[in-house]
Amino acid sequence: MKQYEYLAKQTLASYGIPIPPGKVVDNPDQARKAVEEIGPAALKAQVLVGGRGKAGGIRFASTPSEAAQLAQQMIGMDLKGYTVERLYAEAKLDIDQELYISVTTDRNTKEPLVMASRAGGMEIEDVSDDQIVRRYVDPRVGVEPYFGREMASALGLDGTIFKEFADLVVKLYRIYQEKDAELVEINPLTVVHGHLVAADARLNIDDSALFRHPEIERIEEGSDLERKVHEIGLAYVELDGDIAVMANGAGMAMATLDAIQYFGGKPANFLDAGGGASVEPTAQALGVLVSMHPKVIFVNIFGGITRCDDVARAILQVKQTVGIPVPLVVRLVGTNEAEGVKLLADAGIAAYSEMAEAAEQAVKLAGEGR
Amino acid sequence: MKQYEYLAKQTLASYGIPIPPGKVVDNPDQARKAVEEIGPAALKAQVLVGGRGKAGGIRFASTPSEAAQLAQQMIGMDLKGYTVERLYAEAKLDIDQELYISVTTDRNTKEPLVMASRAGGMEIEDVSDDQIVRRYVDPRVGVEPYFGREMASALGLDGTIFKEFADLVVKLYRIYQEKDAELVEINPLTVVHGHLVAADARLNIDDSALFRHPEIERIEEGSDLERKVHEIGLAYVELDGDIAVMANGAGMAMATLDAIQYFGGKPANFLDAGGGASVEPTAQALGVLVSMHPKVIFVNIFGGITRCDDVARAILQVKQTVGIPVPLVVRLVGTNEAEGVKLLADAGIAAYSEMAEAAEQAVKLAGEGR
Amino acid sequence: MAILLTSQSRVIVQGMTGNQGRFHTGQMVAYGTQVVGGVSPGKGGRMVDGVPVFDTVREAVATTHADASIVFVPAPFAKDAAFEAMENGIRLLVMIPEHIPVQDAIAIVTRARDLGVVVIGPNTFGIISPGQNTKMGIMPNHIYKPGPVGVVARSGTLSYEIAFSLTNAGLGQTTVVGMGGDPVVGQTFVSVLEEFKRDPDTHAIVMVGEIGGSAEEEAAEHIKSLGKPVVAYLAGRAAPPGKRMGHAGAIIERGRGTLESKEKALTAAGAQVVTMPWQVAEAVSKVLR
Amino acid sequence: MAILLTSQSRVIVQGMTGNQGRFHTGQMVAYGTQVVGGVSPGKGGRMVDGVPVFDTVREAVATTHADASIVFVPAPFAKDAAFEAMENGIRLLVMIPEHIPVQDAIAIVTRARDLGVVVIGPNTFGIISPGQNTKMGIMPNHIYKPGPVGVVARSGTLSYEIAFSLTNAGLGQTTVVGMGGDPVVGQTFVSVLEEFKRDPDTHAIVMVGEIGGSAEEEAAEHIKSLGKPVVAYLAGRAAPPGKRMGHAGAIIERGRGTLESKEKALTAAGAQVVTMPWQVAEAVSKVLR
């Protein structure tokens, strides 16, 4: 779960990491007052996408009236598909230098990784390898202050900035660990009048750990449809094709998209109905697919924990309640396959047993429907 | 540093461990009000010694007026050498069972040790080994809930008490670790109406870790003299002999007491002047010895980091300011020995080089002074 | 033979009295798994499907000499269960639950390394050794059969699809391992390939990978010296870039983790990469000839 | 020869630019210790007494190939310094500071066990190997001389007293080890006795113990199979019971830890226990004859 910049910064500040003075505003009048209070400020759209600056999501206001004017333009604007609902008015900084630092988990080594660079201010993906200092954290040891000093030293920092940076590494790692962060990133980490200040911040929390963080604000991300499916507890991503897809298991769902593309079709979504979903959530998920008005709906199930008869019942339930007004291709094998296939057959729905054939048929029907 | 029972219990409560309702009182009127509020109560003297009950430090008050009466008697009383300054009025418990639990550090294995017993309510030193469950904690792992369940199982607990005990072990270990406790002990840990309640608690904090616990209340223990020497930063224990002793290093100080006893004398104190004390604290410590009006003062120094000339200067400073009205025996060897011996000789004080001779002489002089 | 899990493995089930635990205990017993005990705190002394239940792993191991455990407890309690197993002598640990916090998974995996415990998962369907009539997991029993193919997969259902297609093509399996779908899991393709390398009965290996991470790229290094043919299927060919991995993955992967990167590395290492899951069985038939 | 610290040991000083660090660096260099570098964050690049100062242990080790470190930083920073040393390849670590929190000492000692680091201290005077002209510690240089006696002590000044009496009696030392006076320290009498056992040049061993703990009792078990004579002096004969140990110690010790208990165990194991420190040298002379 991503956190808005202003929330990420509040977390940094609560760990003693310096952030610029700032205020959250959601209308022009508040923007005016904020600039009256903190002086010339950057107005930063609070949206969960990178590269806001280039997309016009960060504007500078020298005066309160300019702030009001800009806020008027910015609030409600579309930024890379996200509607801007609030701004963060933040004191303009007199920046001498821009650094980069982040803590995340490397799934290959299964260890926390701290990355830092003197090339801050741009996406770290675009910084060349030789400009990045990477240090793995031994989870048995964690990050003691020396770890920060070693990074500061490797970056070639000195004096006050050496000490502040070393200290910041310790605090950032504590945030990573105590807040169950997937990623905590300060970019740019700026030098202002000889001291470090976190000018921008990203904080992504591990969804699986939210149960132990009642203190962390819940942020919903994605389109209305995506949110709706996430609420059912299923993984869902919108795509731009016309064949709506439901499969069980993330790998299976990916393979289903691959199969559709293989036969020349275009998937409309990624929907992982989970490893053992029962009738009700499966029916709800299918209802979502219907509401997308696709050309075809393709249900691809290999029953393991998922029982084929449950899937069949979910399909019949949707058919009988909201109706399924587009062609439906079902592939159904595995646990309780015979029962599931019979339930569908009794309702006039034929089920495939081969994924290849089913996918080919779904693409064919979508072509006819175009 | 030991904590008073009521402070220890506040800490337990802050970790979610159930304690009986209670109030700190320091006069009869408060005791009356406390019992009005919480009903029949035990009035428990808040002193830093074990075995209060037997010594008359715990009394029961059924009514508010009885509470006032008892408080009148108890406040100001002497309990094993400690003056009772305040009481803890605590609701009388309807106790079904008394257990024991503690967490401490085993200096031999260098690991935390959790001890528990179904024989609660008496000092654990008096409980036989086969009635005690001991489990060492691997510091790499800490105490996860299973550890508590294993202890509960080893104790033969079941039902609600099994679960509450397992949970309590986890909390108690967190206190041990997060509060830098030398010892955290609940004795008795009582079963009251089917639930665990901490009826008495001990919490000793590692003095060396106090710097990172501003939240923990500082408790001064010991006699006025002991407190005074502790304030200088030196280790000091009062004894009941007549030869005042100063030595450098804990082992050396102990050996000095041994030597005095060996020659038939009785030491008046244990004073470790530290490994590298400079002139000022050494002079202050010596001043304390003078103020004890001993028969003899015996200074036994093997100079390592401690410089003999510094010790000589401290002696001369005390001699010139407060004066040393009793015989002084000095043994002085090691770093800057020649300078130190000369400084003393110039002031008419002879210094020994052999510890045995010096100790014998100190005992002899004390005998003459008797 | 088989890898990691054999007919000798003595298995306990942590969380056996829950719905999932009870159901899959039955399935495992039916498959032939030597389930010697179950653990459910506060429910010690009962019997479930003829298997004794204990309050703690400690008691279960003391009584049954179990050396393997499968964990079914809810995710918030999974770390506790895993440590209970590892600290009490369990050396093969299958972690079924999904949604275990990554920090917990790191702690589990780190401790497992120190103690020499093999962790399968978390968020896995488990491990099955058809020729040994034993499984620890939630996979359907009927889709496997004994044979010469080792299978290692990141995700569950997709591996069922492929294992079943192998079985239908007459290609049985020594062992099928589900590494688990979480960011941090106990095994890597490399560690499982090493096991298959040592198993004399495994003559070909199927890798079921997917986009994200760089486990497949690292495996490629090992395939060169494996001495056994590898067929790989990689899911995610049609996945739009960025949608799945997100920024946290991208800053580490830096261009690796894409399907192209994986396919290139595996092909260069001599593995045969097929495009669709239903092509796996035919490719395996060919390399086994 | 000597134990643990030899003339080959390449030593760095953590906290070298502080008062204590600077003074004792000079003393160690004067004694012959191979001090190859110092560490003081933010002061890298300077020279102290001809020794280069680095910002981090990492740089110091990379440049000087140090394998031993002596720590002089204040107690609140000692854990950090110890981990910095251990994680960067230091294998002999002398911790001078007193008042290090016990929890920190537990963490240091546990990590040292895992990495195979020998920790001397905390709250120690250090270690000195007179025949090798090398020391890591704060002991006076002049009181030692090379010879056949190994000395291991819990407390500092008392060991000076005894070492000096040995020297004055013509009994030199292979190595003198100060285990440190804190509740949790890196060494035990047992671990140091084992080292002396392996050292062909150590022909007799002096143990300087004291009341509290049960380290002496545990050592007694090993003395039986040591094959070298042991003379022990135990301080605390006149200490009033309970004054020093307190309740926390007592609930663990349960009757052990008294002078009587220690003396009995050591005597039974064949060690010669003397009553006063000035009796040690004569006893050693006798056992060496």
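Chains here go by letter, A, B, C and D, matching the order in which they are written, and residues are numbered from 1 within each.
Note that in this section a contact is a pair of C-beta atoms (placed from the backbone, for glycine too) under 8 Å apart; a residue touches a chain by one contact, two chains touch by 3 or more.
Here the structure is a predicted model, which means the values were calculated and not measured.
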Between A-C and B-C, the pair joined by more C-beta contacts: A-C
Length of the line joining the C-alpha centres of chain A and chain B, rounded to whole Å: 55
Between chain D and chain C, distance of the C-alpha-averaged centres to the nearest whole Å: 49
Chain centre separation in whole Å, for chain C relative to chain A (CA means): 27
For chain C, residues that touch 2 or more chains besides their own: 114
Contacts with two or more other chains, residues of chain B listed in rising order: 140
Category of the chain touch graph - line, ring, star, complete, other: ring
Pairs of chains found to touch, sorted by chain label: A-C, A-D, B-C, B-D
Contact footprint of chain D on chain B as seen in their complex: 50, 102, 104-108, 110-113, 115, 124-125, 129, 139-140, 177, 180, 182-183, 185, 202, 204, 206-209, 211-212, 237, 239, 247-252, 254-255, 257-262, 267, 270, 275-276, 302-306, 333-335, 354-356
Chain A residues touching chain D - in the complex, by the definition given at the top: 138, 140-141, 144-146, 149-150, 153, 158-159, 162-163, 166
Chain A partner contacts - residues on chain C that touch it in the complex: 75-76, 98-107, 109-110, 114, 125, 138-140, 143, 153-161, 164, 181, 183-185, 188, 208, 210-211, 213-215, 218, 233, 235-240, 243-244, 246-252, 254, 275-278
Of chain C, residues touching chain B in the complex: 41-42, 44, 55-59, 77, 79-81, 83-84, 87, 111, 114
